[in-house]
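Should a chain be cited, it is by its letter among A, B and C, assigned in written order, with residues numbered from 1 in that chain.
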Amino acid sequence: MLSLLKRDLSLATRAGGGFGLAVAFFLILCALVPFGVGPATTALRPIAPGILWVGALLACLLSLDRIFALDHEDGSLDLLATAPIPLEGVVAVKALAHWITTGLPLVAAAPLFGVLLHLPGSAMPWLVASLLIGTPALSMLGAFGAAITVGLRRGGLLLSLLVLPLYIPTLIFGTEIIRRGAERGDPATPILFLAGITAGVVALVPFAAAAALRVNLR
Amino acid sequence: MSIWEYANPVKFMRVSGAMLPWVVASAVLCTAGGIAWGVLTPEDYKQGATVKIVFLHVPAAMMAINIWVMMLAASLIWLIRRHHVSALAAKAAAPVGAVMTLIALVTGAIWGQPMWGTWWEWDPRLTSFLILFLFYAGYIALWSAIEDPDSAADLTGVLCLVGSVFALLSRYAVLFWNQGLHQGASLSVAPGERMSAVYRYPLYLSMLGFFLLFLALLLIRTRTEIRRRRLAALQAREMRA
Amino acid sequence: MRLLAVDHLSVARGGTRAVEGVSFALDAGEALILRGPNGIGKTTLLRTVAGLQLPVAGRISMADDAVAYAAHADGLKAALTVTENLRFWAEIFGGGQIGAALAAMDLVSLADRPAAALSAGQKRRLGLARLLVTRRPLWVLDEPTVSLDDVSVGRFAAAVRAHLGAGGAALMATHIDLGLAEARVLDLTPYRAVEGGVADPASFNEAFA
């Protein structure tokens, strides 16, 4: 399992791996929003939590189809399916690799983008915390969508259609944490909800994703 | 005799064929009767004639949710017991459910415009229906995207399962999200709640009508799917021979 | 020791039954070559034995985690070197010596080259070297000699023979003569699926026919 994680990470960082693309996309999105709504703090501050979370969602979505498609094309997936590690483990490790290469950089870069959108300083820790808790669920649900669409020739668009509705609860609680943080409210309740969703997703979705992969391999 | 015998395609075709004319006739009678009776009810002292859209709105909304539950049950039956008719019934139900959701949303908007002064409000109930529509759309899109029928049935079944959990989760997350924006309950008219009998009985009839309408459409669409499969199988045999 | 027993196996491809009623067994040290015209279902049969596909009917009995499967796609990553590719599969399968596998397939001089820079034949050799590091007793090979030259075919045959000698077994589909005199040959032509053979539906659509 560890060697699979190591391989996926080194593939992502080598030429053509696309490491860092998600952060660049995130940056562009945050740079475009002020052009759309105007540069005033009063315009940017209220929408900053939403923009940051929707941006993270879309940045995460960009690289989802790579989770299984490349391994499916070159036959690795067939070989992994016959390997001694369970397919559920393969799914979990690949989702983890996706999170480390896209989710984690987003978490690290988020305060910078928060500054761009005039997010108040008091909300910054909550921005980082909400993304840190929420993005693993995004990667795991994305892996589920990728597993369902892996055999399809034009799965990319369908993948978005399938995965984005699944992101709604995460999005709602994630932004609520930042909003309450910005208003110096108590974000404990949405944090618990978000953590609960992530824990449930990480524990259960690998089984659904592995079932979908098995169907697509046969 | 077990209920599973109806999962046999031949038996299903025979029984559903015999049922179909009766179901269609009663669906037309009940729906038309319910709506006509509804139109003839007196005007509400506050809402005026607009209240009469309730006889379309509420039954459609009710069926939108119930059809998804039916699809979930059918998907589970397919995944666990591998009854082919069940998978096709789930497939056949999805577009009907999507249309019901759409009817609920559109009639809601038409009703909401004069009442609330806006076509759309991010009320928890409305938002949940929009999300439900997205789930229907994804489900239908997945069925049409996969060529191999076995894989399509399996994958949409898994999607329906996961989607159900998240549709429910979204429903409650939306309630949470809307807190502090405005109070939702005052805007929605709960069915049966403080509604006088003058409106209630035609509404019940209309709801029964919509249920029968769904049943009729489900039977027709499932029969069509079965015939399509039979045709494909016969063509495959022809090609091999 | 019996490594694989296939009993009245029927397989389907894309919803149509391919071959049915196939039975054979493989003991340690045995090799079986499947033959038959294109499209009869050799690949499907091999995928079914490897556990990637469910049989339509019949039984496959073997030990858990016994199969090393190799097909047209070698599962190589272009960005990784030959050694890295091989080490990955060795670690995944909890397996064997990379050095010996590289030597057996004559890849030592290419060890540090990225897989992207390999020729088709060299990639194939790397794909076959993977079999050696899996330490699985039963090799299931689908056209293993595609794009190999004569010398490499000989090398591959030697590797298979060594595997059989060490108590392994091999099931393969191939059209060329490997020079494996001890291998049995099974022609699948008589097992081609016929109409109305078995009651179970082979596919979704056939359930309604």
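We adopt the following convention: contacts are C-beta pairs under 8 Å (C-beta built on N, C-alpha and C of every residue); 3 or more make two chains touch, one makes a residue touch a chain.
Computed from a prediction, not measured in an experiment: that's the story for all the values here.
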{"item": "Overall pattern in which the protein chains touch one another (line/ring/star/complete/other)", "value": "complete"}
{"item": "B-C or A-C, whichever has more C-beta pairs in contact", "value": "A-C"}
{"item": "Most centrally placed chain, judged by C-alpha centres", "value": "A"}
{"item": "Separation of chain A from chain B, taking each centre as the mean of its C-alpha atoms, in whole Å", "value": "32"}
{"item": "Inter-centroid spacing, chain C versus chain B (mean Cα positions, whole Å)", "value": "48"}
{"item": "Between chain C and chain A, distance of the C-alpha-averaged centres to the nearest whole Å", "value": "37"}
{"item": "Junction residues of chain C, two or more chains touched", "value": "none"}
{"item": "Per-residue overlap in chain A, given as positions that touch at least 2 other chains", "value": "218"}
{"item": "Shared interface positions of chain B, touching two or more other chains", "value": "150"}
{"item": "Touch list for chain B against partner chain A, complex", "value": "131, 134-135, 137-138, 141-142, 145-146, 150-151, 154-155, 158-159, 161-163, 166-167, 169-170, 173-174, 176-177"}
{"item": "Contact footprint of chain B on chain C as seen in their complex", "value": "14-16, 193, 195, 201, 203-209"}
{"item": "Partner chain A, residues of chain C touching it in the complex", "value": "47, 50-54, 65, 67-69, 71-77, 79-80, 84, 87-89, 91-94, 130"}
{"item": "Interfacial residue positions of chain A with respect to chain B in the complex", "value": "144, 148-149, 151-152, 154-155, 158, 161-162, 164-166, 168-169, 172-173, 176, 190, 193, 197, 205, 208, 211-212, 215-216, 218"}
{"item": "Complex contacts: residues of chain B adjacent to chain C", "value": "9, 84, 87, 148-150, 153, 226, 229-230, 232-234, 236-237, 240-241"}
